[in-house]
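Here it is, the structure, as structure tokens.
As written, the chain order gives the labels A, B and C, with residue 1 at the start of each chain.
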Amino acid sequence: MTDLLYLLDLIGVAFFAASGAMMAARLRMDPFGMIVLAALPAIGGGTLRDLALGVRPVFWVDDPTYVLVIVATALTAMLFINHFNRLPERLVLVVDALGLALFCIIGARKALMFEPSYTIAVVMGVITGVAGGMLRDIVCRQIPMILRKEVYATACIAGCSLYVLCIHLGSGERLAMLAGMSTTAAIRLAAIAWRLQLPAFHPKLRT
Amino acid sequence: MTDLLYLLDLIGVAFFAASGAMMAARLRMDPFGMIVLAALPAIGGGTLRDLALGVRPVFWVDDPTYVLVIVATALTAMLFINHFNRLPERLVLVVDALGLALFCIIGARKALMFEPSYTIAVVMGVITGVAGGMLRDIVCRQIPMILRKEVYATACIAGCSLYVLCIHLGSGERLAMLAGMSTTAAIRLAAIAWRLQLPAFHPKLRT
Amino acid sequence: MTDLLYLLDLIGVAFFAASGAMMAARLRMDPFGMIVLAALPAIGGGTLRDLALGVRPVFWVDDPTYVLVIVATALTAMLFINHFNRLPERLVLVVDALGLALFCIIGARKALMFEPSYTIAVVMGVITGVAGGMLRDIVCRQIPMILRKEVYATACIAGCSLYVLCIHLGSGERLAMLAGMSTTAAIRLAAIAWRLQLPAFHPKLRT
């Protein structure tokens, strides 16, 4: 199973790298900018997770395959950028939902290997899933969209919580991961299908 | 004394988390955004301090109580958000000054446990006190106000310097902390009372 | 050679600190803002490198000389700010190119001490050279210029690649560093002299 997880992880990295490279192209960045913006969503969340957990070195330093996948993806994106732009938006969102589900459960699993706390496992799952995209948005000078109105982190929290619950109840690792990933993906896909949003706050402002 | 410090630290975390959640509400973020913006000022500075010092894992991974306090505060803030907004601004600033004094001296103290350098202790005190608020401002796409004209970091530098001086002179830990916190709080409160600001630079610009 | 490298490193830190302090002055920040903006380009890249490599504590915590150089530089910049502004822009760019060459090769060298991967050495060289300036730009709420159109990171990648190639071919450490630094500096200086830019992407946008 570890091999399959590793392969899926690399595919997820390539997908998020491609999404970052497309954002770089929209902002008219140069090739280096495309690589940086590819790297941030692909490995940014996992990097913050490893730093907070005290894992050293961080995973992509230990295994440069991640770096090579990101660079190769960014270079490929440069060649086919106009074709990427013609992909149906719905398809991109669906693949994004699957990648999110994978990343956040992998993050929760890794946290449990280092810290025996379910709370921290859920936090690390969410960080792995969403922090990279937030970093990308911050570098691009945008207030991260997921802080505003997307059912995105919520899907991570639900999936990771179910994952640690399954582990706690003694289910096998495989079943727990499958349950967690399905939950995250299902919530996110439902949000996309029915355009669900969490309510944003509209406080009465003092002026 | 450790127990008292821990309790005060958690209270400080709750206060800064509440201030971050209120900022999230003003920016019309969703519940997840409120939790993220609560977490940044509450534990962001201490996280950077622990990372730079090489403490691993960072303090809130070791003790998930911090995470629970932040989530509980953000959820409470959601319920009472309009009441919070009616708090007198002066009261908020005073509590903020006390929290700042606490955080920066706790940060300087922790640094001295790991590195026998007074310079680093002062730097870590300042980072613990102010970096979390800077991260919150950056995520919200604002140039951090404290870089511009507030007597804020200056109060931390003065308090932490006095703290390490007391330690150096062999005063007890308690006296040193009390002296440092009082100094930081007093300078900050004076700045609030008399609206003091450091002069900003107005260089002659080449155009 | 280690002593010479250390001295050059401190000079590079002072130069980048001065450049950050000048940016702070242009943005009308206060003295604390000048110190923060001096610190980011001076030690930000090396800090991220050390964190990712798992070096602990980060280099400037181990050797507070770096902090003192930054604070001294920022204070000096405050006094002479208007004189700095009259420096010819070309001179500033040339010194910046030399500092960049130094920083990125030092970064690649340090990475090789901890991780036996040439890929990671190049990545760490680039991070050491350019990430600090990116952090400064992000805090100042600008999309980092080097992501857009400067031949800047490219010069780092070329120099660091030549450095690891020399090491791989068994050249001495000195020769490898000299070759790497010369390459980075030469590419960057050529880009300045002939105003070279990497092409930015102009994708056909869907609206």
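Throughout what follows, a contact is a pair of C-beta atoms (placed from the backbone, for glycine too) under 8 Å apart; a residue touches a chain by one contact, two chains touch by 3 or more.
The shown structure was predicted, so the numbers you read here are calculated from the model rather than taken from an experiment.
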C-alpha-based rotation, chain B on chain C, 0 to 180 degrees, nearest 5: 120
Self-contact between copies chain A and chain B, residue sets same or different by half: different
Distance between the centres, which are taken as Cα means, of chain B and chain A, whole angstrom: 29
For chain C, residues that touch 2 or more chains besides their own: 51, 56, 138, 141
Chain A partner contacts - residues on chain B that touch it in the complex: 24-34, 36-37, 47, 51, 56-58, 61-62, 64, 67-68, 78, 81-82, 85-86, 138-141
Complex interface listing, chain A residues touching chain B: 51-54, 56, 114-115, 117, 119-120, 123, 134, 138, 141-144, 146-150, 152-154, 157, 197-206
